[in-house]
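The first chain written gets the first letter, and so on, giving A, B and C; residue counts start at 1 in each chain.
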């Protein structure tokens, strides 16, 4: 597998962007500056980064309610994301979607999604369109461990395997479906096993090792492009925060979190970068500072942006019909 | 002019667009090799091949979901679910995904897809294969809903539906599939939101769509014998709704009866009745009446089923109660 | 007491080789079935106590539950109660625990990688290795019941070990005069940049292959060397080769379902007193028994030695033969 130093730096940059964006969002939520449901991706950065680094700009992804990381990794702009968290008119969705629905079709992002398991079939649809049009694009479908108990997971894997659709199913197994641990929501530990039922390859990788994820997805993407059909890749990982901001996480032991923090995906890459002289410590520090600035710029952009005009609430329902708004 | 059945009309609409645009494709339950459970897609598999007329697994979520995903990246799919009742299985994909993605994403995504859903009772198919669920779809912002009553409209509405950049629910009545009708040699697209005045009249407005258009017309015939001149409106498009045509008619007749095959409770006709009350209450000189199915599941036994479903006789009674 | 230890690796049989080759998939349910058969084979022949490694899938408890429910469990199963980390450390911990409990033998379910981890601390406990991994050379593809029966013969302590087992060769890797790691079958130096998904499969990245044994009728790097020279378990030496695509190429079973032409220089024999020193040309990794384990960078020097410091490896068939010839399986009225 060939990865240039530039590739490695790009991956590291994505991970740091995610971590810093999420940390900032966490603080903004705590300060009451942003509201709603905010599901943070801290701790899982290696998955989104490893997956999206294997994709081309014209490839697509479907995301989940915990979507910030996927969107940043696929090239989403922090400014428009942050503005969306603030509900501003300059946000990706003009303030209509919020954290759970950020999308950017021009970057191949078919949206974060508030319905657990909704992405499986949508990803199949995107894969169907690529196959239909004879392009070699692929769609990567992100989903959590709990969504593999939804019918959509089984429908999607069945359809994709039967039609050999160019879809890479990426399971982010973070051990919990909201508050219910995997042991309490399914009778297996390795979700990759479920691939056997659909006669497709299913593998388990260390989801906190960006290189492991990258390598596996790279192979799966290559298969998909060649018309060999879908792959199920289970990435074992852990979310450091609760399911949503404000979740007291009484359902999991503190030691478990501490154990996983030792497997933090970011220092693992830093160690590699320094040991192999990909960057010096000074360059690494500079990069971190640059991203701090980028995140602050995003916050400033969001704060400086206007709230949407209330009349826009009834726009964008259809391409051609705008119903009457409220007269007050 | 020529004669086509309602089912052939639906097919012709799809076929015209498939010839015109390579991105138009059909997939659904038994639509390919088998030609569709009601024979609507018969011949298209042979004509266009498996790539464009594709049999799917019986996975309603996957069918609608695949339509959403493929529409989002550039196809114009026509998924079919065999019975509207099965839409309940794929409802998340219709209601939470198809209807909302454009809006949630700030208007930056189009989802051109036409979901074909055979509806209605009258074929002894019992409670899970006979429903009329139009109110479920018209309730959801983001969906357009049409319901042709004849071959000509079936073609015209299909042409418009496929060209529309929004998700369109295309309801079909399964008792009408074999019904022949006059069709123009070259059918033009019928714009959504344009009702069709099937019969002009001055004493009462009977509003309906789909199969009940025929009950309404028959009722009008019977009422004429009693000296009541009924106007019959075929809505064709449930959303967008041709409010103008309705209001105009009410202003003329001052009496309204709405007819559909839905269970009356929570029915779409209730929404139209409320619209009339809001828009032109003072034009009405009698209560707004609705005729629908009884508030029970559709039963199997023919005597029970025909008792539960509305008929022309029920429409006549409803109209007479206003005089 | 007549006891055995079982280490069933929950991670074996599901790595990236299912994607890059046609490797066998063995799910954890099948491992549970195999463990059941091992235990049933063993308890029937006198094993009273079975110690098991804990794992995330709770294979030990599941086996216990199934055999208790079916009314077949007659021995005592104890799953070690230590804090598991769902990594190779669990194997090290379990092997240490089994040493403390003085088990009569250890049965492993896994691949070459699993057995390499077990071999590090197994000391003098005989090892029965059942293959549930990938491209395996070390463990045997054998029915669990038979492995259980063999385990009971070994654990009885009634027979001399050299009747059914012999001490294995290993490759020892040293860095800066300290032992760094071991391999049971092969060590491979590659230009793969990081450990990543661990498996190693890209022949074009491979520089050197060091083997403790080699045979053309095996899968993987042992087969690459085996295409030039056969080195058996009995031979008191190993070998290394330099991969070079300009050398005459030989078709080799590199991985499950993957037979590729590979060119190497002639093998250099490594006797027990020889050593092979490797100084890094740049960044790369050393894979041990098929899995990338050591990342190196330029100018680091590693020393490879072949020795007979490996585990006491049980020949399952021989163990059962010893039992049969000595009346071990006779039923006393």
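Criterion: a residue touches a chain if its C-beta (ideal position, glycine included) is under 8 Å from a C-beta of that chain, and two chains touch if they have at least 3 such contacts.
If you want to know which protein each chain is, UniProt gives these names: B = Acetoin dehydrogenase; C = ATP-NAD kinase.
A quick note: this is a predicted structure, and the numbers were derived from the prediction, not measured.
Enquirer: Show me the overlap between the contact partners of subunit A and those of subunit C.
Expert: Looking at subunit C and subunit A together, no chain touches each of them.
Enquirer: Could you tell me which chain lies farthest from subunit B when each chain's centre is the average position of its Cα atoms?
Expert: C
Enquirer: Compute per-chain Cα centres, compare each with the mean of all protein Cα atoms, and return the closest chain.
Expert: So the chain sitting closest to the middle is A.
Enquirer: So how far apart, in whole Å, are subunit A and subunit C when each is placed at the average of its C-alpha atoms?
Expert: Centre-to-centre distance between subunit A and subunit C: 37 Å.
Enquirer: Take the average of all CA coordinates in subunit A, do the same for subunit B, and state the distance between these two points in whole angstrom.
Expert: 39
Enquirer: Measure off the straight-line distance from the CA centroid of subunit B to the CA centroid of subunit C, and report it in whole Å.
Expert: Their C-alpha centroids are separated by 66 Å.
Enquirer: Considering only the defined contacts, which subunit C positions touch subunit A in the complex?
Expert: Where subunit C meets subunit A, its residues are 10-11, 14-16, 18-20, 25, 27-29, 56-58, 85-86, 192-198, 202, 205, 283, 295, 297.
Enquirer: Would you mind writing out the residues of subunit A in touch with subunit B in their complex?
Expert: 60, 62, 91-97, 101, 103-106, 110-111, 113-115, 118, 120-130, 132-133, 139, 151-152, 155-156, 158-159, 162, 315-321
Enquirer: In the complex, go through subunit B and note every residue touching subunit A.
Expert: 23, 25, 51, 56-57, 59, 61-62, 64-75, 77, 92-93, 96-97, 101-110, 141-142, 144, 164-166, 240
Enquirer: Over in the complex, which subunit A residues touch subunit C? Could you list them?
Expert: Subunit A reaches subunit C through residues 1, 3, 183, 188-190, 192-193, 196, 201-206, 209, 211-212, 214-216, 219-220, 223, 231, 236, 259, 272, 275-277.
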